[in-house]
Each structure stands twice: as C-alpha cells, then as structure tokens.
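Next come two complexes, and both contain chain A; in the first it sits with chain B, in the second with chain C.
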Partner chain A sequence: MNPLELTLGIMTAVGGFVDISELVFAAKAGSQFGYALIWVFVLSTVGIVVFSEMSGRVAIAARQPVFNLMRHRLGLKLGLVVLAASIVSNLITCAAELGGVALILNYLTGAPYALMAILMTVVLIVSIWVLPFEWIERVYGLLGLFMIVFAVALVAIHPPWDKIAGGFVPHVPHGLSSKELLTFGYFVVAIVSAVMFPYEVYFYSSGGIEEGWKPKDMLTNRITAILGMGLGSLLAIAILSNSAQLFGPANVDPEIPGSAALQAAIPFGKWGLIIALLGMFFAVAGAAVETCLANAYSIAQFFGWSWGRHKQPWEAPRFTLTWIALFAAALAIVLTGVDVMMLVEFAILFSILVLPFTYLPLLLLAGDKQYMGQYANGRLAKGLGWFYFALITLAAVAALPLFIMTSGGNG
Partner chain B sequence: MTPDSPIKLVSELLDLPLFDMEDKYCGIVDDVELEGGAGKPLKLKALLVGPGAYKGRLPGWAMRLVKLVAGDRVVRVPMDKVRSIKSAVHLNCPGRDLGLDKSEKAAGKWVPRWGAL
Partner chain C sequence: MLRKVLPFLLLVPGSCSSSGPEADLQYIKQARSLGAEWALVNEQAAQGRLTQTYVDSMHEWLRDQLQTSAQSLTQPNSPYGAEIRALLAGADNADPAELRSHTDKLKQIEDHLESA
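After this line comes the complex of A and B, so read on.
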C-alpha cells in the first residue's frame, strides 16, 4: 500500500478533528476540566472510525456514493429532509471554518479580518479549481500535519502522564457543582458532535469514489479510517492536555482559536507559534474545503448530477457551480459580521441535532445484503454501529437543553 | 433483470442511478410512466429523469424549493432504450441521444474550460 493513499484519511481527520470547533472545544475542555474529558475524544474517535469505515465500504461495495443509495433506501421525501438538514449543518460549519481561517490569517499578518475572509475564499476556490482531487488531499492533509507541533509541545512541557492516562478512563470529576456538571455534560455532547461531524463521512465516502477505490481497497479503507482518525484524535488530545497543563492552572479561558497556538509558543518560542499557526491554518482551510465539497457532493448525488473533482471542473459543471456558490454563501455569512465563536457553537449544535439522520441511513445501508453482498456489516460493525447510533441520539436529545442551560458551555 | 421482467417499482426501480451505453452517469430514475388502466394490464412505458418528475412525489412547498436549486426539467426515457435493471439502470444508447445531457450542457456555458490541472 502506497503511504500517499492515506492522505484521504489524513485530510478528513486533520480537517475533521482539528478544525476550528476542535481547536476551541479541546482547548476549553482542558482548561476547565483538566484531563477529565479525554475519554470522550477516545469514545467519539471509535465512533467516527466505525462510520467512516462503513461509508467507505458502502461506496466500494455498492460502487455508488452514499447519498445516491440513501435516496433509494429512504425514498425521495425522507432523503430530501436528510439533504436539507445536512446542507444547513455543513454550510454553517463551512462558514465557521472560513471565519476561523480568516481569523488565523489576521493573527499572522494583522490584515483586516473581512479582507482575509474574502481573500481566503478566492484562494480556496482557485485551489479546488486548479488542483486534482489527490493534490487537494495532499496539500491540505499533509501541510495540516504541522499540527503535530502540539503533540511535540506536550512532550516538551513534561505533563503528568499518569493524570493524562487517567483521563482515558470514562469518569465524571468529583466535586463539581450542579452548574459545573451541566457544563461538563455540554462539553461531552459538543465533543461528540465536533468529532463526528456529518460532513466527514460524506467527504470520506465520496473521496473514496474520487480515488477510484475498488473491492481490493477494502483494507486501504479500513487502515485509512483507523490511522487517519486516530491521528486526528491524538492531536486533539494533545491540545486538550496542553491546555490542562498550561491554561487551567493560570485560569486562562482559551475562548478564541489563537489561544491554542500559544501552547506551542510556550516551549518553542516564536517558531513554535508560527508552526502552530501554520498547522492551524492548513487544518482549518482543509476543513473549509471538506465541508464545502461534502455539501456539493450531497446535492449533486441527490439530484443525479455528474460530480467529482477527479473530473475537470467543466466536465461536472453543475457540481462545480454548486461548490463555488456554497463558498460564496459561506463567505456571505462570515461578512455579516457574526462572531466566529457563535458560528462554531451553532455548527456544533446543529450538527449534533442532524447526526442521527445522517448515520441511521448509513447504518441501514451497510447492513443491507442486497446492496452490500458479502461486504455487509458483520456482528462487530453492526453492534458498534447501533451502540453509536444510540449514543448520538441521546446526545442529540440532550444537546439543545444543555446548550440553553449552560449558555453554550459558558456557564 | 430485463425491462420485460416483472418489477417492484418502488424498491427496484425508483431512485436508481442511470448509466448510458458508454457507462456515462446520466441521472436518477425520478418517476415512471405507466400505460393501461382499470381492468387492463399495466405496462411500464418510460422512465422519467429530472427534478420536474418529483411533482406528485413531493408537497408543493418542497417542489418549489427543489425547483429553485435544481430546476424542473424532465427527460422521458422510453423502455425500449433500457438494456438492464440491476443495482443501476443501464441504457442501450448514448444519454445525449435522449437529451439527458442538456442540463449539464446548459450549466457548462457558465464554467470556463481552462485553468485546471
């Protein structure tokens, strides 16, 4: 297996885990609750691995994208409801990522935020236009690996490894007030949502088709899902742990994405800061590309248009016009002046609400022998799939009350 | 399955992808046209492709929304142009002969043909 084949997983994971929401929520989780929320990342990571592998397997076995099959399986009406929900969720998320990239560029250059948002929209559109799919993956996935600086920074600050290890065991910290317990609950829900964003599976399965995966690539799919998402999770846990070690004791609330970059600046100085900001820039830009393409994939697949960036933009014109229009719509949201953090919170909230609608059809499809033949879900995939479906349904039910009661995790 | 075999319309035909004889993706079976009437045998006459065929399958407000995003064009594919029906429908002629490429062509006028690697 060519290591470059892993770039789909790396891009999905680096742009999926360590996107703008993750940067904020992992850092805030560490600052407020120490290492106590690490287990939620681990739990959610297994969930996203399960569903990513399933979506890749469906794309390979049925040789059709998930949204095509979803419409056939669910029917037009219910399929349209899922499409509408995922469009709104992905568009808000894309706007949050775009705002996040503009904010990072604003930190790096000092140039006005709105100007950077416009510039970045143009740069992202040009990059998708010019680069073939595999190069889009490589550029954003591999350059996003600058984020590894957060894991190196964690080692450099000599954290209490025993406490970090303790964070892997599911628990609720002792001695929390009822208000703090609710905030802890909100963070659990928000992390599950941020790790299992719906756009990740749409992007991943369509990406598998873009790469021309065939049944012989079942193993590549499995390894890509496990290693890619595992890497993303590791980086998110590093950000949380750095935050627990550096920000928590100093009572720093890493409210804005730039705060996370300081984690690398403390042990490594100016260069640590620059590398962290560059990693954040490429990871969040990659997430903006993923959310926008995932949305365009869904729309094109649902309506039966020609789609994919393995084709030239003019060979799939409706798909091309759709992703350009979606970037323009995301930019319009950013230019209304809405706060990036508010967009992040809405993206998290809306995503968790639509997660069950996203993952149920996938679970049904992957278990259907008529579509999947010998590649249908086995006992393990079925058991894990239903367990995670129950978990995200529970999280979806709890999300809105917790969001309101905790003012979006702000107590 | 051949076009003449008995078929379960909803589970085996509606919403299936459509490929032409060059294996080019041409859209989705959005509805079907039947021939016959009460007391007479029903026969599948044509497949309908394009969001315009959603009329009758969706409430009015949803149809207006779909029209805004995807238009309301419908292309009729006579059953004698269908080669096989499996997990996808395959045609025995190029999709362009039936006008299945018209919407993509129309959108293509807005997309420049340069600059991509």
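After this line comes the complex of A and C, so read on.
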C-alpha cells in the first residue's frame, strides 16, 4: 500500500479533529478540567473510526455515499429535514473554519482579518478548482501535519505522564460542584460532537468514491480510518494536555484560537510559534475545504446530480456551483463580523443534533447483506455501531439543555 | 441580520439568570481568562519567544474580547467592573505582574460567587 493513500484519512482527521473548534475546545477542556476529559476523546475517536470505516466500506461495496443512503432509508421528507439540518450545520462550521483561517493569517502576517477572509475564500476556491482531489488531500492533510509540533511540545514540557495516563480511564473528577458537573457534562457532549462531526463521514465516504476505491481497498480503508483518526486524536489530546500543564495553572481558559499556538512557543520560542501557526493554518483551511465539499457532496448526492472533483468542474456544473456558492455564503457570514467562537459554539450544537440522523442510515445499510454482501457489518462492527448510536443519541438529547444551563460551557 | 440574531440567541442562556453578579459570572470568568492570556503573552514576548506580529494581533483580539465582556456586564459599576476597566486601561505591553494582580482579584470574586 502506498503511504500517500493514507492522505484521505489524514486530511479528514487533521481537518476534523484539529479544526478551529478542537483548537479551542481541547485547550479549554485541559485548562478547566486538567487531564480528566482525555477519555472522552478516546471514546469518541473509536466512534469516528467505527463510522468512518463503515462509510468507506459502504462506499466500496454498495458504491453509495452517505447521503444517497439517507434518502433511501429515511424517505424524502425526513431525508430533506436531515439535509437541511446538515447544510446549516456544515455551513456554520465552514464559516467558523474560514474565520479561523483568517484569524491565523492575521496572527502570522498582521493583515486585516476581513481582507484575509476574502483572500482565503478565493485561494480555497481556486485550489479546489485547480487541484485534483488527491492533491487537495495531500496539500491540506500533509501540511497540516505541522500540528505535530503540539505533541513534541508536550514531550518538551515534561508533563506528569502518570496523570495523563490516568486521564485515559473514564471518570468524573471528584469534588466538582453541581455547576461544574454540568459544565463537565457540556464538555463531554461538545467533545463527542466535535470529534464525530457529521461532515467527516460525508467527506470520507465521498472521498473514497472520488479515489475510486474497490474491494481490494478494504484494508486501505480500515488502516486509513484507524491511523488517520488516531493521529488526529493524538494531536487533540496533546493540545488538551499542554493546556492542562501550561494554561490551567495560569488561570487561562483560552478564549481565542491564537492562544493554542503559545503551547509550542513556550518550549520552542519563535520557530515553535510559527510552525504551530502554519500547522493550524493548513489544518483549519483543510477543515474549511472539507466542510464545504461535504456540504456540496450531500446536496448533489441527495438530488442525484453529477458530482465529484474527479470530474472537471464543468462536467458537474451544479455540484461546482454549489460548493462555490457555499464558500460565498460562509464568507458572507464571516463578514457580518460575528465572533468566530460564537460560530464554533453553534456548529457544535447543530452537529450533535444531526449526528443520530447521519449515522442511523449508515448503520442500517452497512448491516444489510442484500446491499453489502460479504462486506456487511460483522458482530464487532454491529455491536460498536449500535453502542455509539445510543451514545450520540443520548448526547443529542442532552446537548441543548446543557448548553442552556451552562451558558455554552461558560459556567 | 445574522450579526443581530446570533448574539441574541447566545444571550438566551445567559438571560435565564436575569441580572446581578450571578448573571455577570460568565463575563467575569471570560475577563479573568483574557487578562491571564494577556499576561502570558506579555511574559513570553518579554523573553523573546513570540513574533511582534503575533503579539500585536493577540493584543488587538484580547482587548476586543475584553471590551465585549465589559459591555456585557449588567452591573458595570461593581468591584469586578472596576477590575475589568483597569485591565482595559493598561498599555498593550503592560507588566504581566500588574495584569495578574487584576486577574487574581477577578478570580477571587469569581470563586466567591461560585461558592455562594
């Protein structure tokens, strides 16, 4: 297997795990609750690996991306409701990513935020238009690997490894007040939502079809899902742990995305800062591309249009116009001046509400031997699939009350 | 339109606790954290670990967010309101110790309100 084949998983994971919401949520989780939320990242990572692998397997065996299934399994009316909710969720997420990229460029160059948002929208549109799908993955996925500086920084600051290891064991910290318990609960739900963002499986399964995966690629799919998501999770846990070590004792609950870059600057100075900002830039730009394409994939697949970046833009005109229009809409949201952090909060909230509807049809189809033949879910995939479906349904039910009771995790 | 609607929606949760120190708690926390971030940035900048462009941008964003927190207070003429104003009155390159003296006071107020 060519290692470059892993780039779909890397891009999906780096863009999915360490996007703008993760940069803030992982850092906030670490500063507020130390290492106590690491297990939630691990739990959610297994969940996204399970569903990504499943969506890739369905794309290979049934040759259908997620939104095709949605329409067939949920029916037109409910399918339309889910599509509308997904479009809103992905669009808000895309706007948050676009705003995040503009912010990071502002930290790097000092150029005005709004100007950077406009410039980056043009750059992202041109890059999707010009680059073949594989190169889109490689540019954003591989350059996003600068984010590894956060894992290296963690080693450099000599954290208490025993406490980090303890964070992998599911637990709720002792001595929390009822208010803090609610905030802890909100963070659990928000992390599950941020790690299992629906756009990741839309993008991943459609990407598998873009790359022309065939049954011989089943192993590639499995390895890509496990290694790609595992890497993303590792980076998110590194950001959380750095934050627990550096920000918590300093009374800092990172309120703006740029604070995360300090984690690399403290041990490595200016170069650490620049590498961290570059990693953040490519990871968040990759997430913007993912959310926009995932949205366009969903719409095109739902309505049965010709779609895909393996085709020339003019060969799939409605798909092309859709992703350009979505970028323009995301830019319009950013240019209203709305706070990026507010967009992140809303993206998380909307996503968790959509999650059960995204994963149920996938779970049903992946277990259907008529569609999947010998590639239908086995006992392990079925068991894990239903466990995570129950978990995300519970999280979806709890999300809104927790958001209201904790003022969006702000206590 | 969106700019008007989104903040309103986000204020819905906050509006549950009407006004007073309890309602201001989330802004006190925000301000405490922003002040602490500001101190950390200045401390690292003084040690030559940050680029000037990054420092300038962070100052701008931190000040902007701090201003928002200050404006969101239902009781601006309170001890915590005074601490936030003192933070805002500081120079961009204010002494980290001075910034921390304000955030420490905000932290005390925050702890007191949370334990009440």
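One rule holds for everything that comes next: the second predicted complex is superposed on the first by the 411 of 411 C-alpha atoms of A that agree within 3 Å, B and C clash if a C-alpha of one lies under 4 Å from a C-alpha of the other, contacts with A are read in each partner's own complex, and residues count from 1 in each chain.
Convention: contacts are C-beta pairs under 8 Å (C-beta built on N, C-alpha and C of every residue); 3 or more make two chains touch, one makes a residue touch a chain.
Since the model is a prediction, treat every value here as computed from it, not as a measurement.
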item	value
Partners on chain A (chain B, chain C) - clash or fit	fit
Chain B versus chain C as contact partner of A:Trp386, first or second or both or neither	neither
Touched partner set for A:Ser306, first chain B, second chain C, both or neither	first
Which of chain B and chain C A:Tyr375 touches, first, second, both or neither	neither
Which of chain B and chain C A:Phe168 touches, first, second, both or neither	neither
Most chain A residues touched (candidates chain B, chain C)	C
First (chain B), second (chain C), both or neither touched by A:Leu80	first
Chain B versus chain C as contact partner of A:Ala261, first or second or both or neither	second
Three-chain overlay, vertex chain A: chain B-chain C angle, C-alpha, nearest 10 degrees	130
Touching partner for A:Leu321 - first (chain B), second (chain C), both, neither	first
Partner chain in contact with A:Lys270 - chain B first, chain C second, else both or neither	second
Distance of closest approach, chain C and chain B, by C-alpha atoms in Å	20
Chain B and chain C contact sites that coincide on chain A, given as residue numbers	none
Sites on chain C touched by chain A in the complex	1-3, 6-7, 9-10, 12-14, 16, 25-26, 29-30, 32-34, 36-37, 39-41, 44, 48-51, 53-54, 56-58, 61-62, 65, 68, 103, 107, 114-115
For the chain B and chain A complex, residues of the former touching the latter	10, 14-18, 25-28, 30, 49, 51, 54, 57-58, 62, 66, 69-70, 87-88, 103-104, 107-108, 110-113, 115-117
Residues of chain A touching chain B in the complex	62-64, 68, 71-72, 75-77, 79-80, 129-132, 135, 299, 303-306, 312-314, 316-318, 320-321, 371
Partner chain C, residues of chain A touching it in the complex	103, 106-110, 177, 179, 247, 250-256, 258-259, 261-262, 265-266, 269-270, 272-274, 277, 333, 336-339, 342-343, 345-346, 403-408, 410-411
